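I've put the structures underneath this note.
Both complexes shown next keep chain A, but they swap its partner, so chain B is in the first and chain C is in the second.
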Partner chain A sequence: MSARAETWLWLAQRGAAIVLAAAVTVHLATIVYAVHLGLSAAAIIGRIAGNRAWLAFYIAFAIAAAIHGGIGLRTVVRETTPWRGASLELATVLFVVFLALAGTRAALALFA
Partner chain B sequence: MIPARTTAIDWRTRQHPAWWAALVHRISGVLLALFLPAHFWALALALQGEARLDGFLGWAHRPEIRLGETALVVLLAVHLAGGLRIMALELLDVRAGQKTAIALSAGFGLALGLLYLLEVF
Partner chain C sequence: MLRVSVWRGGAEGTLVAYDVPARASQTVLDVVTYIQRRLDPTLAYRFACRVGMCGSCAMTVNGIARWTCRTHVDRVAKSGALEVKPLANLPVIKDLAVDMTEFFDKWARARGRFVPSADIPDDFIRVPPATPARRAADAGIECIGCGVCYASCDIVAWNKDYLGPAALNRAWTLVNDVRDAGNAERLGAVAGDAGCHACHSHQNCALRCPKEIDPTGAIAGLKRATARAALRGKL
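And now, the complex of A and B:
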């Protein structure tokens, strides 16, 4: 992969990281809040169901996590194994797309 | 054949806390990325009805699952705090106090983990 493409991957990973910094902070606060109140599935779904703001938040969160995680895994693979080339790039793209779709599906499941 | 470009971590730097911080950031990142598909699958159980999700959450009340969740909270908190330190270094050129920032990142992760443990047990 060209140096130019590597730079774009770095920018995408850090851009996603900025989104995640805010999203993970909210997520950790929500986790502690939810376990503190001992929330049931009904309560968790009730918080998100029909709420477009939470839906947008979780979809953005999932997509950012997919981009950040996929590019990050690629970096770790390149640091620790000899795996390079088109197969690694394809695996990275597939992982990012799979995670983004699975995360969006989960957010829609809780929203609906 | 041209050997693959080496991007491996320099092993001579292991005496510095930043090396360990980099290692923790990579290990936590890999584990969180591999956990995400399972997390999304569990949340999507809501598609099969509230009872299905409640059944899963009931199963997840087991102590060993709670300990695993605690580990995930620690990993997420450590990865967040460590990531903020890296971005401050890369994007804002904040170089001072790296050892302190690394110690605070570790402390933040452990504090969140303990808070979660206190809440679930």
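And now, the complex of A and C:
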């Protein structure tokens, strides 16, 4: 892969990390909030179902996690195994798409 | 008396024990020289200046890459035991001498050479020492190419193509040299998986550098510079 493409991957992973830093903070804060109120799972779903803002937030969270994790996993593979080349790039893309779709599906199930 | 274990052989080899008389203010290089002159003249090792200027006597001393000429035995061998091996991450030629070819080839691959601009100025180019770019260049310019950072780097151990801290530090000094005209090519050469983006900022290079240079900081600078170039479509 070219130096330019590698640099863009690096930028994408850092950009996703910035989104994750904010998203994880909000995510943990809402967990702490819900636990402190003693809300049941049914009560939480009752509050958030149909909320478009939370849906958008969690879809963005899932996509950022997929991009960040996918690029990071590719790096780990390259550092620890001899796997290189087009098959690894394809596997990385498939992994990122799978994670993003799985996360989006979960968010849709909860919030839509 | 010091009990000294010294690597003998090439890539395949073994530690051989020698007894060397302990002396005041003795350096590890003194110990290795004693072994070669008094105990076994077939021991191969490399040194030149003996005063921390040339960067040729770096070896692995009790597990850590160091200049042997500037390392006092009593500072590293508290229990009187000393283990001297060749630098890690480089092919062993014989005993304590490693082949530095790939190390310096990577300086060339990182475009570590000054590139003059095509138009020759009428007068000297004045470079004020206090400018941020010159300060950044000065911070890394004292590297003498000893290979201690390269031998201490985890990424070099994992990725044989990785240019390494010294070559990237050199590239960063030239990126900050206002007289240099080679940065378009240089940023392309230092970006990517074999270049600055492979660095995980473990900072072993900065920790071990005998000149107290911070190659991790230089590599972070290259990451910023290459990212800016990519965003502007100039990489």
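Going forward, the second predicted complex is superposed on the first by the 112 of 112 C-alpha atoms of A that agree within 3 Å, B and C clash if a C-alpha of one lies under 4 Å from a C-alpha of the other, contacts with A are read in each partner's own complex, and residues count from 1 in each chain.
Methods note: contacts are C-beta pairs under 8 Å (C-beta built on N, C-alpha and C of every residue); 3 or more make two chains touch, one makes a residue touch a chain.
Here the structure is a predicted model, which means the values were calculated and not measured.
*Asks:* Based on the superposed arrangement, let me know which partner A:18 touches: chain B (first), chain C (second), both, or neither?
*Replies:* In the superposition, A:18 touches chain B alone.
*Asks:* Looking at A:78, would you say it contacts chain B, chain C, both, or neither? Reply first, second, both or neither.
*Replies:* Both partners, chain B and chain C.
*Asks:* Name the contact category of A:29: first (chain B only), second (chain C only), both, or neither.
*Replies:* neither
*Asks:* Counting only touches as set out at the top, which of chain B and chain C does A:43 meet: first, second, both, neither?
*Replies:* Once the two structures are laid over each other on A, A:43 reaches no partner at all.
*Asks:* Should A:90 be classified as contacting the first partner (chain B), the second (chain C), both, or neither?
*Replies:* A:90: touches no partner chain.
*Asks:* Tell me the contact category for A:105 with respect to chain B and chain C: first, second, both or neither.
*Replies:* first
*Asks:* Report the partner of chain A that touches more of its residues: chain B or chain C.
*Replies:* B
*Asks:* Do any residues of chain A touch both chain B and chain C, and if so, which are they?
*Replies:* Overlap of chain B and chain C footprints on chain A: residues 14, 78-80.
*Asks:* Along chain A, where are the residues that touch chain B in the complex?
*Replies:* So the residues of chain A in touch with chain B come to 14, 17-18, 20-21, 24-25, 27-28, 31-32, 35-36, 40-42, 44-45, 62, 65-66, 69-70, 72-73, 76, 78-80, 82, 84, 98-99, 102-103, 105-107, 109-110, 112.
*Asks:* Please name which positions on chain C make contact with chain A in the complex.
*Replies:* Within the complex, chain C contacts chain A at residues 155, 158-159, 188-189, 191-193, 195, 197-198, 223, 226-227, 229-231, 235.
*Asks:* Spell out the part of chain A that touches chain C in their complex, as residue ranges.
*Replies:* Interface residues on the chain A side: 1-11, 14, 75, 78-80.
*Asks:* In the complex of these two chains, what residues of chain B are touching chain A?
*Replies:* Within the complex, chain B contacts chain A at residues 4-5, 7-9, 26, 29-30, 32-33, 36-37, 39-41, 43-47, 50, 53-54, 57, 73, 76-77, 79-80, 83-84, 87, 90-91, 112, 115-116, 119-120.
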